[in-house]
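In what follows, subunit A forms one complex with subunit B and a second complex with subunit C.
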Partner chain A sequence: MAQQRISTRRRSIMLTAAAAGAAALTQPLSVLAQGADEIVIGGSIPMTGVFAFAGVGINAGIQDYVKIVNDAGGIKGRKVKYVPEDTGYKVDVSVAAFKKITSQNKVNLYYGDSTGFAKTINPELDRNGSILMAGASFATELNDPKKYPHQFLVGPDYTEMFGILLNHIAKEKPGAKVAFVYSDSEFGRDPIDSSEALAKKLGLSVPVKIMTPAGSVDVSTEVIKLRRAAPDYTIFHGYILAPIPEFITQGKQQGMQSKWMGTFWTMDSSTVMKMGPDGEGFMGVMPYRYYYDTEKAPMLEKIRAMRPEYQSTAYTQGFLAAMLFLESAKRTLEANKPLTGDNLKSALNSIKDFDTGGLIGVPITISGNSIPVGRVYRADMKAQKMVAASDWIKL
Partner chain B sequence: MMDWAYLFEISLTGIASGGLYALAALAFVMVYKATRVVNIAIGEMLMAGAYLFFTFAAMWSLPLWLAIPAAVLASGLLGAVIERTMIRPLLGEPPISAFMVTVGLGSVLVGLVEMVWSADQRRLPDFMPSKPIMVGDAFLAPKVFWGAVIAAVFIAAVLLVFRYWRGGVALRATASDQGAAYSVGINVPRVFSLAWVVSAMLAAVSGIIVGSIGGISSSMGVFGLSVLVVVIVGGLDSVLGALVAGVLVGLVEALAGAYLGGEYKLLATFIVLVAILMARPYGLFGTREIERL
Partner chain C sequence: MRIGTFKETYVADAALFDSRTQHVWLGIAAVLLVAFPFVASDYWLYLACLIAINVASSTGLNILTGYTGLVSLGQAAFMGLGAYTVAILQARWGTPLLLNLLAGGFVAMVGGMVVGIPSLRVKGLYLAIVTIAASFIAHFLFANFSITGGTTGLSMQPGQLFGAVLDTSFRLYWLIVPVTVLMLLGAANLFRTRIGRAFIAIRDRDISAEVLGIPLLQYKLLSFGLSSFYAGVAGGLWAYFFRVVTPESFPLSLSIFFLAAIIVGGMGSILGGVLGAVFMTLVPEVLKLIVDLLPGGTNLTVFLSPVRLVIFGALIIGFLVFEPLGLAEMWRRTRRFFHLWPFRN
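This part shows the complex of A and B:
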């Protein structure tokens, strides 16, 4: 039987075609169709589930800042594309969303929805090497540029939040007694031990630390314990709303004189106002200005013009994340460098005395993985607003 | 040195909050006693009642004297619908089938609540007296105290109903032998329906009280976990057992929380569960099943 011979030229053409075909198969059509000069922000956003109250705001914030940038011509002429997916605040769904978004788009920047996701996806970010990520987590553990070289926090980490509150307390009432009340969760336990050490360093004492089980309804025994410790200040952490109002109500009924405080995720205006009359004077740390702040803030004015109704602090968090993402991209492109994870991160870390348009009241510098600045705000229930109770505190 | 005043105050609070467990456990016992269905969705039914109250009182701004009965009646209707559509078709099937349906029912109720009201935490309007209750020098949170009083009233009422009312007697008869109950003219399906309606209404009362203390959210069904411990400790079909076990679990949780820390609360509860089951596998007051080999 005569064997059919294939010429060398024909074979090389076939091999080239096969290679091209294989390449096309490994890259979905959407990637091939994507504009080569588009900057893509992917997002695992909790639009449903227990964190939806924040996710909806975060999503709107990112969307709005992307729109502002695109309307102004993009970043060095490159348009920005935002690709979100709902995660329901579940780590496995969030990882699936990451895989889906990154396989269909050449993603440069990514917003993650939780500490669990940030930790899970970190090895993938290191391997991939082309993405800079931020998210909804302020976990102290993530504030480590060595362990998390391609991530950053859009504000102070939880220990730094406690640091801001403790600094304020040490100034307002030297030697004060401060109680910590926190949930039995990774979120709740995060800053407790390091903050107890800091309190002692600042000359404060921590007479009691109370951990409540997640989902506990009745906190009467915990309130009795707290009353006996008679703290001057009580800091709640690891909750959104419940059981804080019940602590305050029962504490006041028992004649406690403590001032009550919270951290970022408790401190949105709408959350604090749900505490009712007993929430009067509730204080807490906030790295951003509130939507209705009257001090000069051109970016807030722009937001208010785009959205006349109240926007949550989660909105501001998403908006600022997008702003810092795209500032890093701009600086990278201006230095004529490719948009890799390393280049984006070093561009982020080159941010010194950066003006956020008043979203944060002082110019910010990001030397590591966090923005260690914030302010203490206090609830004015009559005006239904949060009002500033301190200057901006930089750690 | 032992601080007796502290121990007294903590114990008092624990016993009062145990009353809340007892009330929710009562809702569970109602269904189990009459139908032998282990309703694992009891926490979620309690949540549904709390959300219905939230809708009537906070969203529709109905006065409290109207909002509470409306929420309880609507919950009763929900119980009837659940019984008619999910439980009755399983009559005669192995108990595990009905049990699995209630597992699904819990997820369905959580999903419905998240769809209709979102997963955001909310506060219920205050309706209980806010004047602190003092027993000597010991402080008792007013909501917890009044919650316990309401629980005690309902438990007493149910005990009396079971003892003296014809419907209660029918329910007990159905519980002990369905075939015999049929033969003496008891309408067994109606007893089933009645048990689910009453159970849902009791769960609603419990949900309204629990929600007014800790706020409401789509995850408040977790409360059902402690309630399950209470009913198992008390004996699945014993009303008195629900009361005693509720108080016991409330007390153990309070003491563990006060002296060991919040992280030991559930651990202590489950140790009690295991210890009691080892001594009395059918619970403190449960019916001892006669097993013939």
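This part shows the complex of A and C:
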């Protein structure tokens, strides 16, 4: 008797599990649960893995802006829903997250985590036709509205970042010698050739280009090569931190007078401060204001009120991405158009002299796939802050 | 109740599937595989295709490592060779899909055989290092030649099969899963042939195998070639699936993934390769589903994401400690239970 009861219970458990499995396979439940008028932002966010340091900030940034908008009544009365998934910064996991989120929600806007993902998912975006996507990548290749009609970059692409730095250098020291040090990766090699051409156009020379493995530690031979070239400026690209401090420390020990520079992913305040005393004066390009900037920025004040502790530049990037997403949605709805990929993108491209609330120090215009504006900041190790070293530079 | 099988001929004894029960279950499995795309969401279809690609590659590695006893950490590099071959043929010459897949397999096969040459002299960890070197060389080749698109890689148009454009997971499923099933059948049959038995003999004791008249280099190279062919075809399927191939698409960690898959699944068993690939692909996703079901929203996702990785790692360790013969052995024990029930349980 007892045996029979157990087997009945087992059978019912198995049936329940089978039903749950079938429901999970087809997964229409959450689509039904979604409000008809909701605007959905999906996100492949790297909350674990090598890029987690940025992913956690990006996630918080998107989340906070969505909260601000929803607290203010949403977009034209529509609430905004944000659905993130962790990707571990792996393309296949990212695509799985995209498929999962889009099959459970009617997604209008999507945040992707890498260049690889942006490239891989692009045919799907074109086929799907209902999503506008931005992401953590600043790859030059993505800055092509013809090839990537439903995507945009939340800042300048890597070549434009170099452009901002080189323009600053050409103004500060005409005819200067600029060395490029970059990692042997798609990220590292991205802007090198085009930037060398631009340097020459600006009257600068590039005496040496050094490629190292990403995150390498022993760079002594490369430093010797760099010292021989005696550049006035050295731009690092394709790294987060290592081996930049090693280059600077050894370079200074060998009497190099170069000014050291970096691009976006190196330039978060917490990253630069890890360089220690040798990082004093380290410069680089930043498309956004830092969390602690004192110039007038109502949106930064709002962020500081929401989160009293320091927020990374990745946070600002996520926050601004959500702001531009929802501005595009707002403009599309105001024009009484459906939220399709094409409509959202043309709404984005209608953005002219847009005030970001001070996240970017000048009004922005998005005519293509990027926001080609930035500023050179410099590390002040005593104050443990990044301070402005130039005005905002628009390309 | 089924307590044994009675065979009257050698053919029956050597049959690939030896009992009626097995035939019935395989029939059910085939029906399920055919029905699956019609009921599954896009997400599950995507995962099914990804699992099938991983199964194909793991099975290839299982032929080499599980059956021939040669360690390899170059499986991802061979997949890359296949993927690049397919992408180049598709993007530049637009040759037919099946021809591209075969070409991908053969290019990887040649690459695998070249890498396999030192296998006569070195074994174990030494061979593992040789194959790691192969993956670095492959990465260098992918990143530095214009035909491969350099670091940017290659993007390709969707493949076409019998006039159908394979641009959705649903359509790709009908390419990827049948190809994988064919490859699985091929691998299972291989070990009923002279070649397969020679591989097993080499694995068990290579010197004895040589004494028995098995030419070691020839068979070791053949094993490398076959394994790489599987990887190459899997890489080709991968290229059609993702439609972007870059040098960073096939990192060393992917080779470790396949090695882990056959260890967790059960080395030297076709079913082991399948179960291992399914486990390694699906468990992180299932853990994600569990996290999603917990109340707490996105904040919980942030908090539990690293915990998920720890659980995944712990599961792998747990399997290896409590069932070193892998998931295939667990499956065998389950089958045995039902064979002997109710006499012994």
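As a convention for this text, the second predicted complex is superposed on the first by the 367 of 395 C-alpha atoms of A that agree within 3 Å, B and C clash if a C-alpha of one lies under 4 Å from a C-alpha of the other, contacts with A are read in each partner's own complex, and residues count from 1 in each chain.
The working rule: contacts are C-beta pairs under 8 Å (C-beta built on N, C-alpha and C of every residue); 3 or more make two chains touch, one makes a residue touch a chain.
Everything quoted here is computed from the prediction, not taken from an experiment.
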Fit-or-clash call for subunit B and subunit C when the two complexes are aligned on subunit A: fit
First, second, both or neither for A:50, with subunit B first and subunit C second: first
Partner chain(s) touched by A:186 [first = subunit B, second = subunit C, both, neither]: second
Partner chain in contact with A:123 - subunit B first, subunit C second, else both or neither: second
Partner chain in contact with A:241 - subunit B first, subunit C second, else both or neither: first
First (subunit B), second (subunit C), both or neither touched by A:276: first
Partner chain in contact with A:228 - subunit B first, subunit C second, else both or neither: first
Touched partner set for A:253, first subunit B, second subunit C, both or neither: first
Gap in Å between nearest CA atoms once subunit C and subunit B share a frame through chain A: 5
Subunit B and subunit C footprints on subunit A, overlapping residues: 48, 52, 184
Complex interface listing, subunit A residues touching subunit B: 48-53, 184, 210-225, 227-228, 240-243, 245-246, 249-250, 253-254, 274-276
Sites on subunit A touched by subunit C in the complex: 22, 24-28, 47-48, 52, 56, 59-60, 63, 82, 84-86, 88, 91-93, 95-96, 99-100, 102-104, 116, 119-120, 122-123, 127, 141, 184-186, 189-190
Of subunit C, residues touching subunit A in the complex: 39-47, 50, 143, 150-153, 155, 158, 167-169, 242-244, 246-249, 284-285, 288-289, 298, 301-302, 305-306, 308-309
Residues of subunit B touching subunit A in the complex: 6, 9-10, 13-14, 16-17, 20, 114, 118-123, 126, 130, 132, 139-142, 144, 210, 213-215, 217-220, 222-223, 253-254, 257-258, 261-263, 265-266
